[in-house]
Every structure is written in structure tokens, then in C-alpha cells.
Amino acid sequence: MTISNQSRVLLSANELTCIREERILFDGLSFNINAGDIVQIEGPNGAGKTSLLRIIAGLSRPYAGEVEYLGEDITRCRDEFNHDLLYLGHLAGVKSELTAEENLNFNLRISGYDDFDTTELLAKVNLAGFEEALAGHLSAGQHRRTALARLQHSNCKIWILDEPFTAIDKKGVEELEQLFIQHAESGGCVILTTHQDMSIISDDILRKITLDYRFV
Amino acid sequence: MKRGISYTAAFMTLLQRDLRIAVRHRGDIFNPLLFFILVVTLFPLGIGPEPQVLTRVAPGIIWVAALLASMLSLERLFKADYNDGTLEQMLLSPQPLSLLVLAKVLAHWILTGVPLILVAPLLAVLLHLDGNSYGALMATLALGTPILSLLGAIGVALTVGLRKGGVLLSLLILPLYIPVLIFATSAIDAAGLNLAYDGQLAILAAMLVGSLILAPFAIGASLRVSTN
Amino acid sequence: MWKWLHSYADPERAYKLSGTLLPWFSVLAILLVGTGSIWGLLFAPTDYQQGDSYRIIFIHVPAASMSMAAYMGMATASFIGLVWQIKSADWAAAAIAPIGAVITFIALLTGAAWGKPMWGTWWVWDARLTSELVLLFLYLGVISLYASFEDKVLAARAAGILAIVGVINIPIIKYSVDWWSSLHQPSTIKITEKSTMSTDMLYPLLINIVGFGVMIGAITLVRYRTEILARNGMRPWVRELATAEEAK
Amino acid sequence: MQFDSFADFVDMGGYAFYVWLSYGVTFGSLATLITLSIRQKRKVLIEIAKKITREQRLKETRGTNRESKT
């Protein structure tokens, strides 16, 4: 199922339980994510996909259980873990009052990078010429691309992406898929949710974690 | 790819970003200031124009108005960042959260506290503040408004995820503001009577140091709850 | 399948334990508060200065002292809940808050009703009354913050942070209010000096102080049990109770 | 006993209003708090019971959907 030639465990979830407003989304969920994995979390609406991603990213606290990064609880090694984590949620983290360039610049610097060329990175996501445009004036797809440009300049091992393909055209999706494969091959891992079918990442290299809608 | 950005650089990045956004959104700076001026000018209309009465109540009026103006402006401290997802990115940054939070609070203070300090002497003239009190007024505002920003930010961080945060916010933070109000106004009163007021200033300074050290942690913890 | 159920069996145990404790607390509370109040109202001697109006002391002082103690209890529970992530502690804190608010309200109101005959006015900005008022605001803040979050796990964490910030601030607020009131009013107000109290006055007062404490404990247990049920609606044992209750 | 008669007791040396106001409000508000707290339990349980029946319905409809699909 996995393409992991180097089966180093990056992340492991340990008996995760998530309860929201007295409703159990999932419980006793355990899995490992190795270097080289591309993992898709799937399941119907309301099954807790986003909640699971946020728990793995350390944004939400699980009701019980823990997530370990290289064998250590992520709440105990938050700085190291955050150093190796790139998370893109439903909300893009792009401010409409700033230009595309300023947004990218801020997002990269706050993650600690200081050697990058925003013009070049924006060109890679087809935003050449939009550097000076206020993000509020960009289209939904361009807005999303501004956020995704961060992936072009990242040495984080763990990418957690919640619906990264939203509002992205077909060609853009293919480019992203290529990027994910490249990232996985270089020893990283990608954890994502999506409702779209992927064309390049075929089922034999994609690992799936399925969440079911629970009634109890 | 190098990732050796220093704490100072991270701090300045966030500070600059907030200042830049505020400059593009000028209303954020002027609305609380306008509110401050309006509240202060309403008081003489309410209590009457006798200079002696106004002199007596001026410190209280200016400080209460400053409290309310600070609260009004605080509401938006984390709101925009929460709504567009940049707050999540801050929480996931490898930089210490309390540092980033401090940068945001400092930006807020520069944008709302400093204009308030600058305009306060003018309003003091309108309220016939005692001539000896101007120094104390400026000193207490300079020491006190950052405390308001720091303590208020805790309340804002707790309510940022809620839809109806406004009234709740005032209930949460006004009790915390009471000591600042008491010591600041009494310092101004003492100055008006030609008494020493360095004791009150020292207490305000102590509160400032205390909240500088402790508030960022409380704000950070609250933000983690709010973005959960 | 339900793996977390076994390791997290405490809610049920806590529910049962508080159920066993509740009758003892209730009986003791009724006995103590009953004795203290009747003794205070009927048998304690009349104060030579204040006449019979001083009999308010038998509820005012217990309420005032317990309002602060309840806050400390709530903050301690919140702290335990936040640091060690013990959910039963969060529930206890949520159970105490409304009780503390009511007790604080009682302390304020009886203080005012005592102030009217003694000082000639319902309200004075006296240090004690003012800090009691601030304490009421702190309670209301915690309660409304807890109520504002849909997810009560988060609500407890948020309210817990606020309660702890409040605890750090209470001494500062108290000190500043004391200092402020000594600055603004000459000390003409004098309440019964405790040292001159006869034992006939002191005993019912002490009994009522303890009684109020036990009573708060009893009400906390009642609310704690409800809180456990409400927060564990997904567990089978609660569901059994729920279906049994509906069938009634 | 400090009071000679019941009327004396009620009068509280002329402070009847204040004393009885205090005691009345105290025990009144405590009684309200206690009854509300006790009633709350039943309310919570009924609430949970309703939720269970809601979930039961949901399960049935979903279950049939799934069967028809496969």
C-alpha cells in the first residue's frame, strides 16, 4: 500500500478519541504515518476529517489519546514539531489587506525562513504579475494559490492539508499532486483530505484512513 | 533553505504586518480615538460646565473614557486573524507563541494607546484639569494603557471564537481593569494637590511588569482554546 | 471496541461516590444552618449598640467568607483540570460557579440591608462591599464564558483560564480597593468588633459559617452529578439512566 | 430566649424589615438554587433520552440507504 522505501515512522496516533458536544466522532483510533506516505483521510461529511487533521497538527486537543512525533508527544515538543509541520486549513491564512507578495513573505518568515524569492515562488503557482495585487482582489483560486505557494519553499517533513484542491483548476491539481509525490519521495509525508479524485496519485501509492459517520 | 530567523526578526515581522494593515485600514486607529474624544466631551454636557466640578472629576473621566476606548478597539485584536486563518498559522509557528502575542499587543498599543496619550492633554484642557496634574496624567497613561492592552488581550483571546463576544468581553475584563483605574486616578488627584505620587506610579509600573510577564502566557493559552 | 471506556471509568465512579456523600452533606448542612440561624435569631443576646439589626451578621458573614472560599475552590478545580487534564475537576468547577455567584449575591444584599439601619444608606463604597461586588462580576464572567461555548470541554478550559487569572487579580483588586476606600472616606463606619463579641454571639456565627460551607458542598454535589450526566451523554451507563428516566 | 413574645420576635427590636429581608432573600435564593439544581438532573436525562431516539431514527434511515446502495 505504501511506497515507503524508508519506513521511518514520522507520526503516530495513539488511541485518539474525539468528542464534540457530547458526540463521539471517533475513538480508539491508532495509526502510524511513515516518511514517504501520502495519506488521504476520507469519510462522509461530519465524520471528523477536519477534526482529525487539527488534532494531528496539534491545534485541537483530543478527548483522549495522543499524537507522537518521532516518538514524543507533540504537546511536549511543540517547537520541534511545529518546525517540521506545514498545515493549511480550510482558512487559507491569507490576509485580504495585504498583497500576494506580502502575504507569502509573512507566512514564510513566521515559519522561520529568510532566504526566498517571493516573485519566483509566486510565478511557480501561476501568480506572476499578481505580486502587488491585494489578496482581497484576487479570485478564489488565486487566493488559494497564494496560500499554497508556501509549499514551494518548505523543508517541513509533515504536510497537513485540509482540502488543498478547493477552487484549484485541473492543471493546478496535477501540479500539486506532482509536488506531493516529490515531497513524499524526498522523505516527507503528506496528510490530506479531499473530495476530488486525484489523477496522478494512484490508489496504489495512496494510503487511506477511513472515518465512518458514527451514530452513537 | 535556511530557517534561522531570530526572535527579534519574527517579532518585528508580525509587528510590521499589523502596523501595515492598520495603515491601510485607517478607521481602526481613528474610531477608538474619536470615541475617546466624544465620551470626554459628553461629560461636561452631562454634569455642567462649572470649572471646579470638572477639575475634580477630570482624572476619572479621562481614565474611564480611556478604559472604554481601549476595550472598544481590543475587540478586533485577534478577530481578523481568527477569521482568515492567520491565527492558526501563528499558533503553528516554530516561534514561541508568547513572543508573537506580545508583538500583536504591542502593535495594538502603538495604534490605540499612543494616540490616546497624545490627545489626552488637549482633552484635559477642556476639562480644566489642575495645572499640576498634566505630568501625572501623561505618566499614568503611558504606564497604564499598555496594562489595559495586555489584560484586555486575555479577554479577547478567550472570546475571539464566539459569535457574541462584545458584552461578554466587557464583563470579563472590566474587573481586571479596576486596580489600574484606582491607582492612575489617585496619582493624578495627588498631583493636583501637590502631593507626591511616585508611590502610585511605582505600583502601576509593577503591574505593567507583572502583566508583561504573565499575560502573554494567559493570552497564548486562551488562543489555543479559542482555535481548538 | 470502546477502549476509552475502561480507562475512563471515573465519571461513573465519581457519580456514584457523590451520590453516597450527598445525603450526609445535606443532613449535616440542614442541621448546622438550622441550629446556627435559630440560635442566632432567637437566643443570641441583643447587641447593645446595634440592637437586633446585628442578627443579619449570622448570614452575612458566613456568606461573605464562603463567597471567597468558593471562588478559591472553583479556581483550584479549574487549575487541576487545566494542568492535569482531569475532566472531573472541570465539571466540579462548572458546578461550583453558580453557587458561588448566589452566595456572593446574598453577601452583597445582606450587607446592604445591614448597612441601611447602621449607616443610614443601602450602599456605601466601602472596601468590603466593593470587592464583593467585583467578585460577583468575576463569577458572572466565568459563568457566562462557560455558557457561551457550545463544546463544554473547551468551555471548561476557557472558564478555567479566566478563573485563574481572576485568582491572581483578586489580591490586587482587594488591596487596591482597600487602599482606595481608606483614601476616600474617613473611617466613621464601624461594625461590631469581633473581639468584644460574647460567646453566645460567636457560637451561632461559627456554626453558620461551617454550615454554609457544608451546604455549598451539598449543592455542589447535586450540581456535580448533573454535570457528570450532561457531559457523559455518550456513555452507555448514562444512556441507561436516561431511558429509565424517560420511561417514568 | 431573647424575646418575650412572638410579636417581639417578629419586630426584631424595630429592625424587622432589614432582618427579615436579609433572611428572606438568603433562604429564598438558596431554595431556588437548590430546587433548580435538583430539577436540572431530570432535564438533562430527558435531553439525553431525546438524543438517543433521534440517533436511533438517523441510524435506521442511514442503514436502509446503505443497504440499497450496495
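General remarks:
When the chains are written out, they are named A, B, C and D in that same order, and each has its own residue count from 1.
Everything below uses one rule, namely that a contact is a pair of C-beta atoms (placed from the backbone, for glycine too) under 8 Å apart; a residue touches a chain by one contact, two chains touch by 3 or more.
All values derive from a computational prediction rather than experimental measurement.
Among the other chains, A has the CA centre that is most remote from the centre of chain C.
Among the pairs B-C and A-C, the greater number of C-beta contacts is found at B-C. Centre-to-centre separation of chain B and chain C, using mean CA positions: 32 Å.
One inter-chain figure worth recording: chain B and chain D are separated by 41 Å, centre to centre, where each centre is the mean of the chain's CA atoms.
The geometric centre of chain A is 47 Å away from that of chain C, both derived from CA atoms. Between the CA-based centres of chain A and chain B the separation comes to 36 Å, rounded to the whole angstrom. In chain B, 228 are the positions where the chain touches two or more neighbouring chains simultaneously. The residues of chain A that reach two or more other chains are 22, 61, 216, listed in rising order. Across the assembly, chain C contributes 151, 230, 233 as residues in contact with two or more other chains. Remark: chain A residues 15, 17, 19-24, 27-28, 61, 63-65, 216 touch chain C in the complex. Considering their complex, residues 154, 158-159, 161-162, 164, 168, 171-172, 174-176, 178-179, 182-183, 186, 207, 214, 218, 221-222, 225-226, 228 of chain B touch chain C. On the side of chain A, the complex with chain B involves touching residues 54, 57-61, 79, 82-83, 85, 87, 89-98, 102, 106-107, 109-116, 153-155.
Contact residues on chain C toward chain D in their complex (touch as defined above): 37, 41-46, 51-53, 55-56, 59-60, 63, 98-99, 102, 105-106, 109-110, 113-114, 116-117, 215, 219, 222-223, 225-226, 229-230, 233, 238-239, 241-243, 245-246. Of all residues in chain C, only 1-4, 7-8, 85, 150-153, 230-234 touch chain A in the complex they form.
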